[in-house]
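Two complexes come next, and they have one chain in common, chain A, joined by chain B in the first and chain C in the second.
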Partner chain A sequence: MRAIRAIAVNTLREALRDRVLYLFLGFAVLLLVSSKLFGMLTVGDEGKVIKDLGLFGVQFFSMLIAVLMSVLLISREVDSRTVYNILAKPVSRWQFLIGKYAGLLATVLVNLALMVALLVLVVLLYEGQLDARLLIAGAMTLMEMTVVAAFATLFAVLTRPMLGSVLTLAVFVIGHLTRDLWLLTGHLQGEGVRWLIGAAYYLLPNLERFNFKTEVVHSLPVPAAAVGWAVVYGLAYTGVILLLACVRFGHKDLA
Partner chain B sequence: MPEVYTSSSDGGAGVAEYELTVRDVHKTFDPGLLRRKIHALRGVTFEVERGEVFGFLGPNGAGKTTTIKAITGIIAVESGRIEIGGHAHAAPAAKRRLGFMSENPYFYNHLTGRELLRFYGELLGMDRDRIRRRSGEVLERVAMQDHADRPLRSLSKGMLQRMSLAQALLGSPQLLVLDEPMSGLDPLGRRDVRDIILAEKGRGTTVFFSSHVIPDVETICDRVAILIAGRVRAAGSVHELVARRAEMYEATFVGTDPERLRTPLVSTHVGGDASWVRVESDHRDELIRELATIDARLVSLTPVRSSLEDFLLGQFAIEEEP
Partner chain C sequence: MRRALAVAAALITLLAVAVTAEVRLSSIQRADPLGKRLLYLPTAEMLGLGSLGNRGLAADLVYLWSIQYYSQFEPREQFLYLEKVFDLITDLDPLYFDAYRVGAMIMTIDTSASAAERREAVRRLYDKGLRNMPSSWELAEVAAWDALQQLRDPELAIHYAKIGAAIPGAPPRLRRVYGRWEEKAGQWTPEDSLAYWQAVLAEAVRKPDVILAKSHLYDAVARVDGRRLDPLLSAYRDRFGHCPDSWRQLVELGWLQRAPTDYVGNPYRIDREHCRLEPHKRIRWD
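And now, the complex of A and B:
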């Protein structure tokens, strides 16, 4: 456990000392500020516009960090051969990989926490009251990123860095369209195609499960069961993807 | 400290006499479709005894670094067995005995030297106090205590090499595996590394290192193995290996041209009135007799001390023969 924590902390430290991440934060701040501007241009429901744009920004920048960090997650360690010194220590390959994943997730968490805190502050200043439900939306975005980061880790192990990032981005996009895939099966004629699309629906992650933005923005009730199932789904999905990544990484030559 | 047991070839169990055992290790790299596979290791076998300094020699591409990567678990081997202190090399118990320094040190640029040692100390399972104490000790040993708080990206290659050695020593390893530890160092740096290796040997640490710098190997190694084209071509003490090579003599004479001599000569050189030839010891007396017969004057006859370099070059020549 200490080895995993040490690798995760090192990954987080490396990311935080990397100025690219501060740029993302700058962009996020810019987006949150611009959401306030949009709010001023909107007649009525300005608070909703700020929340909507703000939560979109939180999700988008978190995804961007996960995707872009996946480029360097494993490849930098292998290319720069820093992994050699790690694996020569009493550290299993799976511990190394889980440590890198945890570091990636921690980086996303730090940035996400800062962005959500800023959003809550902006909404507080604008509406004069604290909207704690934004924290639920932020937490569910983190849950979504838990799955996306697991895919980023798997692709970092399976493919070349750039392709891995493209595939992670593809999973993010498709993950928000899987409900449409299910609806599509109802309109298809061929049995084989329907089976194929159906299989894709069950295999691909359904990231819309983590989307509670509508409920939070429009002050609708957030069903506790839906949140609970989304957490279980996210953890199970992440577990399976990380297991696959660990199995593959366990047999990979790092020369 | 518990004794380490290993199974021997007769099936029994005894105290491991070797700190490192590499037996019949094969490794093939597959560069991809339509390209020939590369047989990097073809049954590499050798043993490193406890407490000795063992040199691993060979030309570029011989498989030295691949062997070291196999020992440290960076690559998986297809067949064969590697044991460290009687433990399978990938087992945590084996890794705890190991200190590794890679060829050309690669570190995290965002860390300082002290942060790097803290990170590796945590990976070694050391507690904070021990990390702090050992960091101070190893930094002093490699003379880096004054540069430990500088970012690694600002250090020179020699300094990085020292930091690499420091992290390898951090966990008080029983086996130190060093891949080309002297490469790229100036004479002073090489001497320092040599001194550190000998100091570690004095502490009872087993040292296994690869090198191209033959004089260093000759000076500090108890035994060496020569790897060529993925196979160990020879192993033994430097004295043993050099003794295997036929002894030669150098003769200087005047009064005849070396090309007119019937005695088989290894090499010749003509400079002014005198000629210089090298002859194998078996033909020494024949040369003396022949020079006397043709009234040439033998000026000097001295035995040539064969070096490890001569032996190594001889092995390369055998490999290159069609």
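And now, the complex of A and C:
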């Protein structure tokens, strides 16, 4: 556990040194400028527009961190040969990988926490009241990123860095479209094809399960069961992907 | 140094060319550019898919664009696809209150449509809104006022006010408005009025609401009593050739047990000219 923590902390430090937090700056500029701009352009509830835009920004910039960091996650350690030093110590390969994953997730978490805090503050300034429900949407975006980061880790192990980033981005896009894949089965003829698409639906991540933006923006009730099961789903799915990554990394030729 | 100056000069020259080209381009009139641009507006399904879980933001962006677009309503073409655009926005975000409100407002000034078309378009949008937000008395209230003030359609206004007044949590203001409009339209029987204003009174908290409800109840009770007492006054006149001076004369004949009183307990007067019950005048707060 200490080994995993040490690697995770080191990964986070590296990310901060790489100025990943500049993305937060990007988010801040996007939110502040657009809220002012939209405030001038819109008719009616500015708060809704700010929340929609802010939650999109939180999701987009968090995804960007996962995608961009997947490029460097393993390849940098291999290129600079530090991975050999680490693995020469009493650190197993799976501990190294999980440590890298935890570091990536911690980086996402730091950025996400800052972004959500800024969003809550901006909404407070516009609406004059604290909207704590934004924290629910933020927490569920973190769950979504838990899955995306797991894929980033898997692809960092499986492929070349650039391709890994593209694949992580593809998973993010597909993850938001899988529900439509499921709806497609209703229109299909043939049991075999329907079964195949059904299987693909369950194998691919359904990132829409972590989407509670509508409920939060429109102050609708957020079903506790939906949140609870989404967390269970996210953790289980992440476990599967990380397990695959560990198995592959265990046999990977690092030379 | 000379090279740096050359680069700077080239940059400034190119920038000036770009700005000039942009200015020239914006001054060139294009044939129906706005309408054609609208033809390529994607469907709600496609936009929803492309938004990757941010349908609300997609709705915001189309909404913001539509406000800028339709607010320049000089040419007739500017109102092209108005209903489709707001249908798209409200398909993307069915709970977008402002989109219904502002969309309907723009529809009421759509110069390319007839009054009947405008009415139907507004009605379709508000009906969709109330289907998607059945607990929003606010939307029903806005719809009612738009129908009355913009479309000049009291019947439609009463329709929406009735929906709004029936939604749990609707403020007494809305119930008061509905009751008043309904009474003004003459659609209610005295019993309808009695039942409605009794319900309003039971929930009224603010003094003006209480006074208004009592005021309407007073009239409703007077109308009910008039229906019962006016025939007695007529019968008296038929029998004695003149209207009675007071209710006591009817009591003495055994036609009434006691002199009738109004909603607040004061005796009714008799309008001797028309020989019918005359209630006291009441002051309303509406």
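Just so we're on the same page, the second predicted complex is superposed on the first by the 239 of 255 C-alpha atoms of A that agree within 3 Å, B and C clash if a C-alpha of one lies under 4 Å from a C-alpha of the other, contacts with A are read in each partner's own complex, and residues count from 1 in each chain.
Simple rule for what comes next: contacts are C-beta pairs under 8 Å (C-beta built on N, C-alpha and C of every residue); 3 or more make two chains touch, one makes a residue touch a chain.
Remember, predicted model here, so these are calculated numbers, not experimental data.
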item: First, second, both or neither for A:Y84, with chain B first and chain C second; value: first
item: Partner chain in contact with A:L41 - chain B first, chain C second, else both or neither; value: second
item: First, second, both or neither for A:F56, with chain B first and chain C second; value: second
item: Chain B versus chain C as contact partner of A:A3, first or second or both or neither; value: first
item: Touching both chain B and chain C, residues of chain A; value: none
item: Touching residues (chain side chain A, partner chain C) in the complex; value: 38, 41-45, 48-49, 52-53, 55-56, 59, 172-173, 176-177, 180, 207-208, 211, 213-214, 217-218, 220
item: Chain A-touching residues of chain C, taken from the complex the two chains share; value: 49, 52-57, 59-60, 63-64, 67-68, 93, 95-98, 101-102
item: Chain B-touching residues of chain A, taken from the complex the two chains share; value: 2-3, 5-7, 10, 13-14, 17-18, 80-92, 251, 253-255
item: Residues on chain B engaged by chain A in the complex (per definition of touch); value: 29, 66, 69, 72-76, 92, 95-96, 98, 100, 102, 104, 106-108, 110-111, 119-120, 122-125, 167, 171, 177
